[in-house]
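Each of the next two complexes has chain A plus one more chain, namely chain B in the first and chain C in the second.
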Partner chain A sequence: MAYTPQYYPGSASVGINRRKHMSGNLEKLRDIAEADVVAIMGHRAPGADYSSTHPPLKEMGEPDCPIRQIVAPTPGAAAGDRVRYSQWTDSMYFAPSIPYFRSYWGAINCKGCDPGTLSGRQIIEARERDIEAYTKKQYDSEMTDVALCSMRGCTVHGHSLRLEENGMQFDMLARTELGKDGNVYGIKDQVGIPLDKKINLGKPMSEAEAKKRTTIFRFDGVPMGGKIGARKYDEAVEALHHMWELRSKWGYRPE
Partner chain B sequence: MVTESDTESIQVEIVPSRYLMPATAQVLLNEIYKNGGIIRIMIQGPNLPRSVPYGPGRGAPIEENRDLLIEVGGQAFELSVKVGRIRLEMESEKYFNGLKAACERVLPFSFNIKRGKFFHTRPTLTDYAKFGKVEDTRILGLIDPKAKRDKLAILSEEKVTFDDKEER
Partner chain C sequence: MAVKHTKKLFMKALNKKFATEQKVLASKGVIEENLQGQKTGYLRLGPEQSARKREFMEYAKKLEGKRGMTGYNPYVHCGGIPLGQRQLVPYKLSSTEYVVEGDDLHFVNNPAMQQMWDDIRRTIIVGLDMAHEVLQKRLGKEVTPETINNYLEILNHAMPGAAVVQEHMVETHPGLVDDCNVRIFTGDDALADEIDEQYVIDLNKLFPADQAEQIKAAIGKTTWQAIHVPTIVVRSCDGGTTSRWSAMQLCMTFIDAYNMCAGEAAVADLAYAAKHAAVLQMSEMLPARRARGPNNPGGLSFGFMADMVQTSRVRPQDPAYVSLNVVAAGSMLYDQIWLGSYMSGGVGFTQYATAAYTNDVLDDFSYYGVDFANDKYGGFNKAPKTIDVAKELATEVTLYGIEQYEAYPTLLEDHFGGSQRAAVLAAASGITTAIATGNSQCALAGWYLSMLVHKEAWGRLGFFGYDLQDQCGPTNVFSYQSDEGNPLELRGANYPNYAMNVGHQGEYAGIVSAVHAGRMDAFACNPLIKATFANPGLVFDWTNIRDCFGKGGAREFRAAGDRSLVMPAV
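Then we have the complex of A and B:
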């Protein structure tokens, strides 16, 4: 029998969603054009050449190294692209992906990337054409709700702030807006420079759907310790306690 | 047992569960104003800069945050924050229920309203650094101590005395 890793414990919806995010078996909800994703990232104009830090690997002549022979380079690494980033801010009001789970998704499913988690934002760095592909995957999949998540290269705060009246995550630089037709439009790139045209990002999730797809444990959603009066904690809490115990008592070396 | 006098001023804080759009803020503030009995009122929330403050896009204008004019009690002023919290001092307790009803009428979502002590009474070191000797104690607690002076907007029917600035 083929081994299928179970990435995360827990039988509550949040545990199931966390497993989904980590395994990469995500539902595709929308299709945003590649050129639009590139425009929002703002590193290069859509259609422009990729800037590079070294010549393509084939021209360079690599040293004789067994690891290089085993591991095929990503398209970006093979072409010698610059390393670029994409950074997300996800609202704590039931955004589908909270910062750590974007990182787990990146670390497990994206080759040649460097994910970083901060308190209210999450950044992934990779070679330019790789990060563009990874960002498009994040935009198109259920990891992203266009109202509660947005790409923010700077002035990132919004994660822990209350939502706006129309249900959008607060953004000081107003990079996205809710149109009259109910669609969310991207009007600026991730650092706040206005785009040439508005980009239709599609309809936001309803509150119930966001709660269904979220990976955040919250007292007013799915609490980590179970409902009040529950006789048994969720498996996720038991596993967490177990890890905590191993780590604090033996520095993760249970010998 | 000490019985509190009902003629004493009370301080109230209103925290809506969402940030208010300027139009809603205007309606809410006008309803609060109509309810009467206000000694002073402060609105607070995250800053809305007029241009991108840092990063590669620094200096790019943010048109969405400009000209957010609202009119309250016949006076117009420009919002520089997203309204997320309103603190006010009222002449007496009898205005409290009217205030609560005003919030219920205007806000389509939940909000928190509580009484307490939200404005300090003695000038702090920061107040001294910012205003010098404060003669009109009504301005105490009205502004964020970290805010720059040009962020300060005080509207008043009477002259507010501090330094040489009035009705900005």
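Then we have the complex of A and C:
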């Protein structure tokens, strides 16, 4: 019988969505052109050659070793690409993804990547052509809502701020804007440099859609612990308590 | 029901903070829903919206010709988009009426904060008994209350940097060193009565009776000198200077007061006592990779920090208030000065640290927890000291706090960084558990659980370091083996896992204080520290930390160590 990973507890939508994000079995909601993703990332001009930090592995005469036989290099590693990044800011007002789950998604599903998790941003670093592919997956999938999530290399401030009146996540550098046609447009790259052309990222999710797809527990969505005076723990809390107690009593050796 | 414990203490601060935004939006015909609206109109008014930023810009303009080069210019920020795209909100010092700009809480702009740290590093505690034994047993000198009074008069002349014994010596200007003083304290009431009151830290007057008895019992018949060298000395040198400066002046004073030979070998005994054997430094020196001498913040234990703060003797009936003041002192020192400047640099750490002592947020979460626990267990220090209690209280307080952030988006916006929220939620959980159980390990367990609950709820916590310090942290509670744990009272800024993260160390000190305030202990770790910082001659107000920070921010506080006396007028 094939093993099915038990990624996360809980039968409410948040637990289900968290499992989906970790499994990588995500719904594709849009198709942003590769060249547009590359432009927003801002590391190389679309169509330009990849910069490299070493020759292709095949030309390097690497020593024979069992690990190299077991692990096939990613396309970026094989080509000798430099390591670049993409970084996301997800609003706490029901953005579909949240930093730890972008990291779990990356760590489980994206070979050769290095996720970093903070409160207001989440970064994944990888070889350049690999990170471009991983970024496109994130952009296109239900992990992302183009109004509540945006790519921000710097000045990331916004995840915890109230939304703009039009429902967009606050961005000091205004890298995206809501067009009159109801589509969100990318107008600056990750670090705030204006793009040559506006990039249509498509329509934002409705509030109901965002609430349905979100992975964040909130009192006005799916609460994790009920409400004041009426506590009801989600299964995630029970699992967490169990883990914390074992770790407190026996460190990492729960014999 | 827990609902009755919600006080929303932060509402007053939020109304003050967002008043400008609400007023401007109303004038534009955009009606803000209220502090609970999840959307707003961002005004993007830039740095000019803040009085303090305007002052900075105006001053920078004045400096242009003088400096001959560029300086402060907020328009170089990020491609010409300056700070102030959202409202630059002011900060209310918790439980006070002081409302100041964020800039006023950077220690460079706040003389009270500087003085708090100066008061620590310029302090050294030196026992008198060892020196008296040398005088009596080795030299056959008589030591009486009269000779001690004479000695203290000479010492308060010499310690600021004045000469005794030797001829043709340079001296320091009394106006530059007027904050320097030495007082003694003892558990021996009969001796204390014989000493001129100007030289005594009177434990019976300064502390509530039960606390004075605890401290005197702990000190016994021993006698100690609370020495505060001039602020200007440690600002020119560093904390490692304090014991050297004081030891030199102590020895010279003994020679003068007891008519000793200046070069006899017995002086070495006095020097050894003054520099080593009878000395209590405020903090330990650090290992080479973080090399600092003693009396620098990195070696300051949480227990000592808790004892330096004096709120416990003026408001002992309110242990939450006591610990919140310790959190404020610790956050400022450990986060803003130690990690934020000694270890890192720049301005970001202030933003993290202020969350713990402004806008009554931590106050609200902590009082909620304390009331909840009191209701359930019947008072302070009444709950069983068990992991189940830590689990119940930390989960409740964290969920409560999370709900407030969610229900009041302006509150979330105020603590816009995850590290701020993590510190506040975990501190409230730790303080609650501390006061309820009177046990620092239970409290620490509550802290760590809060971190995990928070991370699991929102899928985010603080910055990278929280992965190690907080998610791995539960493994170092309930253990006293030195490589696995330590009583929280004895941990400090250089405890291995605690050596890098903002938003923790001040809160740990607050938790230590909460444990002992909940137990109605007179001190948390060391009675000598508690007695020394009761000295009314200190410049910073150690009884009300947050109020004093507010005074500093409002430019109402006069610090010591000023050099203007010997410089041309501006």
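Annotations
Rule of thumb we're sticking to: the second predicted complex is superposed on the first by the 248 of 255 C-alpha atoms of A that agree within 3 Å, B and C clash if a C-alpha of one lies under 4 Å from a C-alpha of the other, contacts with A are read in each partner's own complex, and residues count from 1 in each chain.
Everything below uses one rule, namely that a residue touches a chain if its C-beta (ideal position, glycine included) is under 8 Å from a C-beta of that chain, and two chains touch if they have at least 3 such contacts.
It should be emphasised that the depicted structure is a prediction, and the values quoted were computed from it without experimental measurement.
Partners chain B and chain C, once the complexes are superposed on chain A, run into each other and clash.
Looking at the shared chain after the overlay, A:Lys227 reaches chain C, while chain B stays out of its contact range.
Of the two partner chains, chain B is the only one touched by A:Glu177; chain C is not.
Using the contact criterion defined above for the overlaid structures, shared-chain residue A:Gly61 touches neither chain B nor chain C, since it reaches no partner. The partner that reaches more residues of chain A, of the two candidates chain B and chain C, is C. In the superposition on chain A, A:His241 makes contact with chain C only, not with chain B. Once the two complexes are laid over each other on the shared chain, residue contacts for A:Gly153 go to chain B alone; chain C is not touched. When the two structures are aligned on the shared chain, A:Arg218 is found in touch with chain C, with no touch to chain B.
By the document's definition of touching, neither partner reaches A:Gly47: not chain B, not chain C. In the superposition on chain A, contact is made by A:Arg162 with both chain B and chain C. In the superposition on chain A, contact of A:Ile193 is made with both chain B and chain C. Remark: of the candidate stretches 3-11, 75-83 or 435-443 in chain C, the one overlapping chain B after superposition on chain A is 75-83. Applying the stated touch rule to the two superposed structures, the overlap between the chain B and chain C interfaces on chain A comprises residues 154-155, 157, 161-165, 170, 172-174, 192-193.
In the complex of the two chains, the chain C residues touching chain A come out as 1-3, 6, 30, 37-42, 78-79, 81, 85-86, 387, 391, 395-396, 399-400, 402-403, 406-407, 409-410, 412-413, 415-419, 421-422, 445, 448-449, 452-453, 455-464, 467, 474-475, 477-479, 484. Every residue of chain A that touches chain C in the complex is listed here, in rising order: 92-93, 97-101, 116-120, 154-155, 157, 159-165, 167, 170, 172-174, 192-193, 215-220, 223-229, 231, 233, 236-237, 240-241, 243-245, 247-249, 251-252. Across the complex, chain A is touched by residues 16-21, 24, 46-49, 52-57, 60, 62, 64-65, 82, 84, 109 of chain B.
Residue ranges of chain A in contact with chain B, taken from their complex: 42, 153-155, 157, 161-166, 170, 172-174, 177, 188-189, 191-194.
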